[in-house]
Amino acid sequence: MGLELDFSVVLDRWQSLLDGAALTLELAFIAVICGALIGALGAIGRRGGNVLIARLCGAYVEGIRNTPLLVQIFLVYFGLSSLGLKFSAFTVAAVALTINVGAYTTEIMRAGFDSIHKGQIEAAEGLGLSKAQVYWHVVLWPAIERVYPALTSQFVLLMLASSVTSQISAEELTAVANYIQSETYRSFETYIVVALIYVVLSFIMRLGFWLLGLALFPRRRRLGTPL
Amino acid sequence: MGGTLNLNHLLFLGHGALWTIGLSVIALIGGGAAGFLIALCRVSPSRLLRILAATYVQLIQGTPLLVIMFLSFFGLAAIGLNISPLLAAGASMTIFVAAYLGEIWRGCIEAVPKPQWEAAEGLALSRSQRMVKVILPQAIRIATPPTVGFMVQIIKNTSLASVVGFVELTRSGQIINNSLFEPFLIYSIIALVYFSLCYPLSRLSRRLERTALQKKPALA
Amino acid sequence: DQLDDIMAAKKIRISTDLAIPPSGMMDGSMKPVGSDVETAELLAKDLGLEIEWVQTTGATRIPNLQTNKADIVISTLSVTPERAKVIDFTAPYAALQSVVGGLKTLDVKSWDDLKGKTIAVSRGTTQDTALTNRAKDGGGFNVARYDDDATMVTAAVTGQADFVATSATIVNQVGVKNPARAFEPKVLITTFDLAMGVKKGEPRLVARLNEWIAENIKNGKLNAIYKKYHGTDLPENMRGAS
Amino acid sequence: MNAHTPPPVSAGTAPVVALRNVHKSFGPLKVLDGVSFEVARGEVTVLIGRSGSGKSTALRCIDRFETIDSGEIEVCGLRVDNPQLDLRALRLDVGIVFQSYNLFPHLTIEENITLAPHSVKKVPKREAKTLAARVLEQVGLGDKLHAYPEQLSGGQQQRAAIARSLAMQPKVMLFDEVTSALDPELTGEVLKVIEALAADGMTMVMVTHEMGFARGIADQVVFMHRGKVHEAGPADILSSPATPELAQFVGTGL
Amino acid sequence: MNAHTPPPVSAGTAPVVALRNVHKSFGPLKVLDGVSFEVARGEVTVLIGRSGSGKSTALRCIDRFETIDSGEIEVCGLRVDNPQLDLRALRLDVGIVFQSYNLFPHLTIEENITLAPHSVKKVPKREAKTLAARVLEQVGLGDKLHAYPEQLSGGQQQRAAIARSLAMQPKVMLFDEVTSALDPELTGEVLKVIEALAADGMTMVMVTHEMGFARGIADQVVFMHRGKVHEAGPADILSSPATPELAQFVGTGL
C-alpha cells in the first residue's frame, strides 16, 4: 500500500514525549490519591445512617458516572473562568480527574463494604469496638483487599482517560502526540510510539499497585489467596 | 457560521445518539462474550491459557481506546484489509471491553470462597457445572456493581469512534459546537443525553443487586 | 493510476473535517458548508464527478489518504516541507492569514508587547508551530494549546485566554459571542498556502488538480468562495501568480 | 405480660443477667415465647435444647444482637431492652463467642486478639501482645500467634475465637456451642479454662450440646423447648428430669 | 517408601479405601507422616485424634482435595495418587461432607440437593425432587425444602449438607465432624441414618470427636497422633487403649 514507516521523526522528539508522559503520570498520581480518599468517605457516607448525606453521595456518584469526563472537564474549566476564577489547566485537570475517579471509587468501595459478612461485624461489635473502629479494622481494610483488583483497574483506566485533558491545554502525552503528528503527519508512527508509552506507563502503575498491595495486605503476601 | 440552535441541530444530535446506542450494544454483546471467555481463561487450570489471557489483558488495558481504534481501522487497511468504520469500531470496542470485563469478572469469580468450590467438586460436578451452577451465580452478585460501572463507561467511550469517521453523539455535538460556538449549551445537552442513556442502566442494576442481596446472604 | 480510477468510478472521495469553521462546518439545516466544502463541490462539478464525503478529524486526514480511504483531502492543509515528505501537495488553492488577536482594550501592537503573555492556539496547526518556534527563540510568551478552534474560542470568550493565534475571521468571532470581550487582530504572524493533499506517487492526479486550480484562480471563482466565507480576498501574490 | 417494675439495683444481690418474659419473633416464626431466667454473679448457666429451640437467639438477645419484641433483659445493671442503651458499655461487660467463629480473616491470630484490647481498652501494643500470647497458651495454641485463620483447622479456629474474647476480660461471657468443633481432650482443656474463669468470679451463659460438659460445669441448667424455658434448675435435673421432653432429650443422648 | 505393586483388583476382597505410607506436608509442617489404613466394603472407620493431628487432611487426601507428597491411596480400585486420575470418576464414588457445611447460599435446600443428582447423574428433575424430599426426611428436615441455607440454624444446615451428599448415593462416604453442631437428640437420628447406610453396604470414613458415637458405629477406630496412625483396631480399643496417648485422649473426654 506504499505506506512506509519512519519512526525517526517521532523519536527525535523524545524530549517532549517524555515531558508529556511525566505530566500524565503526575495527573494520575494526584487524582488517584485524592480520589481514593473521596471514594472511601463517599462509600461510608453512602451506607451511613444520615439520609441526606447518603442521598448527596448517591447523586454525586450517579452524576459523575453517567456523564462523559470530557464534559465534566469543560464544565469545571469554563465554569470556573466564567465565575472569574482562573486556574491553570493543570490544576483544573487534576481537580476534574479527582472528582471523576472519586465517584467510581465510591461505587467500588461500597460493593466491597457490602461483601463483608454480618458475622464479622457482629464479632467486632461483641468485642466492644466502636462504630469507627469496626469500620476501620473489620470493614474497610478487608473490603479494600477484596476490591483491590477492581480499584487498580479503575485507576489505570483513569490514567488512560486523562488523555482528554489535552482539550483544555494540559500538555500531557496525548497532547504531545497530537502536536507531533499534526506537525509531521506521521500519524501511524506517532500512535504506535504513544501506544507503547502508554503500555509502559500502565505497566509501571500496575507494578506500583502490586507492590503497594504487598505492603498493605500482608495476608495476601504470605498466603497468596484472595480474601 | 454562527446562528442559533434549531431543530435540525437536535435531529443531528439524535442521529448521533442512535449511533452511540448501536455501537454500545455491539460493544456490550461482543465484549461481554469475549470478556467472559477471557475470565474463564484467567481461572483455567491450563497455564498456557492463563498466560495468554493475562498478556492480552495487560496489553489492551495499557493502551488508550483511541489508539486501538486508530490502529485497527487504519492498521488493517494498511495491510490490505479495508473494513468499514462500523466493523472497525465494533471490533475495537470488543477488543477493549473484553480485556476489562474479563479482568473484572475474574476477580469476582475468585472472590467466591474456596469451600464453595470444594463442596461443588466433592459432589462430582464437572468443571463447567461447578462454574455454571455454583460459582457463577455467586460471582454475578459480586460482579454487578463493577460491571455496570464499566458498562456505563462503554457507552461514553463510544465517543472515541469519531476517530474512524463515526459521527456519534459527542462528535455530532462537536460539529454543531464548532459552527455555533456555544460549548456550554451543547455540552450540557450532550451530558443530559448521556445521563439519560446511562442512568436507567445504573438504576436497573442497583435494583437487581438489591433483590439478589435479599435472596442470598453476604459472603463469609 | 488513481486519476483513471476516479474517472472510471465517476466518483471522487474527498476527505474533509466538518468541525473547522469557516472552512468546513454544518449550516443551520445540518448541510456541509464552508470554503473547503464549496471548493470541493466546484471541483467535482467541473470534473463531472459525484462526491463521496469521507468524514475526518484533524488526526485522520492523512491516514485516510495513505490507506486509500479517500482520494484527496481538502481540509485546510497548510504546506510545510516536513509534511511534504509524507504526502504530495497540489498547488495552493487558498491561503490562510494568521494573526495574533487580543482584547480590544489591551494595547498591543508588536511581538515585543506580547512578552510575558499567554497566547492560545489550536494544537498542531501551523500557527502553533510558528508560535512555538518563536517562543523558543526568545519570544518571551507562553503558548496554551487547545484541541480545536471551538475550544480555543470558548477559552477566549470565558476569559481563560486574552490572546489567540488563528485566522482573522475567528478572531472576530470572539466579540460576537461575548460583546464584553471583543477581540481584534493585533499582530500578523504569516500567511500560509493551503493546498489539497494527494497520496504520494500520483503525478497525473496532481497535474490534473493543478490545472483545475490554476484555471479557477484565474477566473476568480476560488477567490469568490474564499471571500464569501473569510470576508477578505485571497492574497495579492496568489491572484497575481496565475 | 409482666408488671414492669424494675428490681432494686443492688449490685451485691441483683442477678448479673436477667431475662424476664422475653418475646421475640422472626416474621411469623415465634422463636422466644416468654423466656425468663436469671444468672447470679459467678454462676455458670448452660442452655440446652433441640436445634431450632431458640438457644442462640436467646444468647444473642442478651448482647443486643437482636432486639426483643417485649419483656425485659438486664445485664450488669444495664437495661438491654432500653433503646437508648449505650451498646459499647454493654459490650465492655459482655464477651461473646459465636457458633461460627468469625475470626477476622485478614488478620493474624495475634492481631485478632490484640485488636480489641488495644483499640478499645487502650492497652499498649506490647502488653496486648503479651496478653495475646497468654490467652492463646490457655487454649493450647501458643504456637499459632502468627498464623492466619484460614491456616488453622476448625478446632483451632474456635479456640482462637475463645481466646480473643477472653483477652477482653469481660464480666460476663456468652458462649454459643464453642466446644462443638473440639475433640474430647481439648474440650477438657477449655473446661479447665472456663472453670478457672468461674473461680475468678466470671459469670457465664453457654449453649452446648455436650451433656457431660454441662453436668461438669453448670450451676444452673436451662432447657429450652419451642422457644420456652421448659425446665430449669441445678445440673441435677439432667440426671432426674421432671418433664418427659427433657427426659427424651437427655435420654437419646449418649 | 512402599514397593509400588498395585494389589490385584478383585472387588470382593480388595479394600474399598486404602492408604499406604502416605506423607503430606504444608510447607515446613509435616501433617501426615506415613499414614496407612484400610477400609473394607461396608465397614465404618472412625478417625479420632487431637485437633491438628491431621484427621481432616487425611480425609481430604482420600477425595484428592489435597495431593500427597508420597505413598499410595486407592479408592474403589482407583489410584488416587495417580496424577492422571479422572477426578470426577473418583467423586462419583465418594461423597464428602465437610466440617463447615458449605451449602450453596444462592440455592434453596431442595436445589442444593437436586443439583448434583440432576446435573451429574442425569436424574430427571421430578425424581430428583422426590429424592431430595426423602433424604431431607431422613435427616429430619422435611419442612425446610424451600428455605435458603441462611434461614437455618447451624444444626439444620449441617443436616442439610449431609442430605445433599446422601442424595448422590456414593459408594464411600467421608464425614468430617458432621455431628459437631448437632444436639444429642439429632445425633441419635443421624446415627440411625448412618447405621442404615452401613447395613446397605455403604463404606464410610468419618472424623468425629463424639466418643459415644464412635463406640456405637465404628467397625474400625483409627487414632491419629501427630500425623501418624498411633493406634488402630476395633471399637474396643476405646475402652481398653494400648497406648498411653489414646488412654489420655479418651480419658479426658467425658
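Lettered A, B, C, D and E in written order, each chain numbered from 1.
Methods note: contacts are C-beta pairs under 8 Å (C-beta built on N, C-alpha and C of every residue); 3 or more make two chains touch, one makes a residue touch a chain.
Owing to the predicted nature of the structure, the values given are computational and were not obtained by experimental measurement.
Student: Compare the CA centroid of subunit D with every other chain's and tell me the farthest one.
Tutor: Farthest chain from subunit D, going by C-alpha centroids: C.
Student: Specify the chain most distant from subunit E by Cα centroid.
Tutor: Greatest centre separation from subunit E goes to chain C.
Student: If you average the Cα atoms of subunit B and of subunit D to get two centres, how far apart are those centres in Å?
Tutor: About 51 Å separates the centre of subunit B from that of subunit D.
Student: Quick check: how many Å separate the C-alpha centres of subunit C and subunit D?
Tutor: That pair's centroid distance is 83 Å.
Student: Quick one: subunit A and subunit D, Cα centre-to-centre, how many Å?
Tutor: Using C-alpha averages as centres, the distance is 47 Å.
Student: So, what's the distance in Å between the C-alpha centres of subunit E and subunit C?
Tutor: Taking the average C-alpha coordinate of subunit C and of subunit E, the gap between them is 82 Å.
Student: Would you mind listing the residues of subunit D that make contact with two or more other chains?
Tutor: Those would be 100.
Student: Two-or-more-chain contact residues of subunit B, please, as numbers and ranges.
Tutor: Counting only residues that touch two or more other chains, subunit B contributes 70, 74, 77-78, 183, 217, 219-220.
Student: By the touch rule stated above, which residues of subunit C touch at least two different other chains?
Tutor: As it turns out, subunit C has residues touching two or more other chains at 59-60, 63, 66-68, 151, 154.
Student: Using the touch definition up top, name the residues of subunit A that touch subunit B in the complex.
Tutor: 1, 3, 62-63, 65-71, 74-75, 78, 104, 107-108, 110-111, 114-119, 146-147, 149-150, 153-154, 156-157, 160-161, 163, 174, 187-188, 191-192, 194-195, 198-203, 206, 225-227
Student: Where on subunit A does subunit C make contact in their complex?
Tutor: Residues 1-3, 9, 74, 77-78, 81-82, 84, 86, 89, 166-169, 171, 175, 178-179, 181-188.
Student: Mind listing the subunit E positions that touch subunit B in their complex?
Tutor: Counting only subunit E, the residues touching subunit B are 63, 65, 87-88, 91-92, 94-96, 98, 100, 102-107, 115-116, 119-120, 148-150, 161, 164-165, 168.
Student: Under the touch definition given earlier, write down the residues of subunit A that touch subunit D in their complex.
Tutor: 117, 119-120, 122-130, 133, 137-138, 141-142, 145, 217-219, 222-223, 225, 227
Student: Where on subunit C does subunit A make contact in their complex?
Tutor: Touch list, subunit C to subunit A: 58-60, 62-63, 66-68, 80, 82-83, 86-87, 120, 123-125, 128-129, 144-147, 151, 154-155, 158-160, 199-201.
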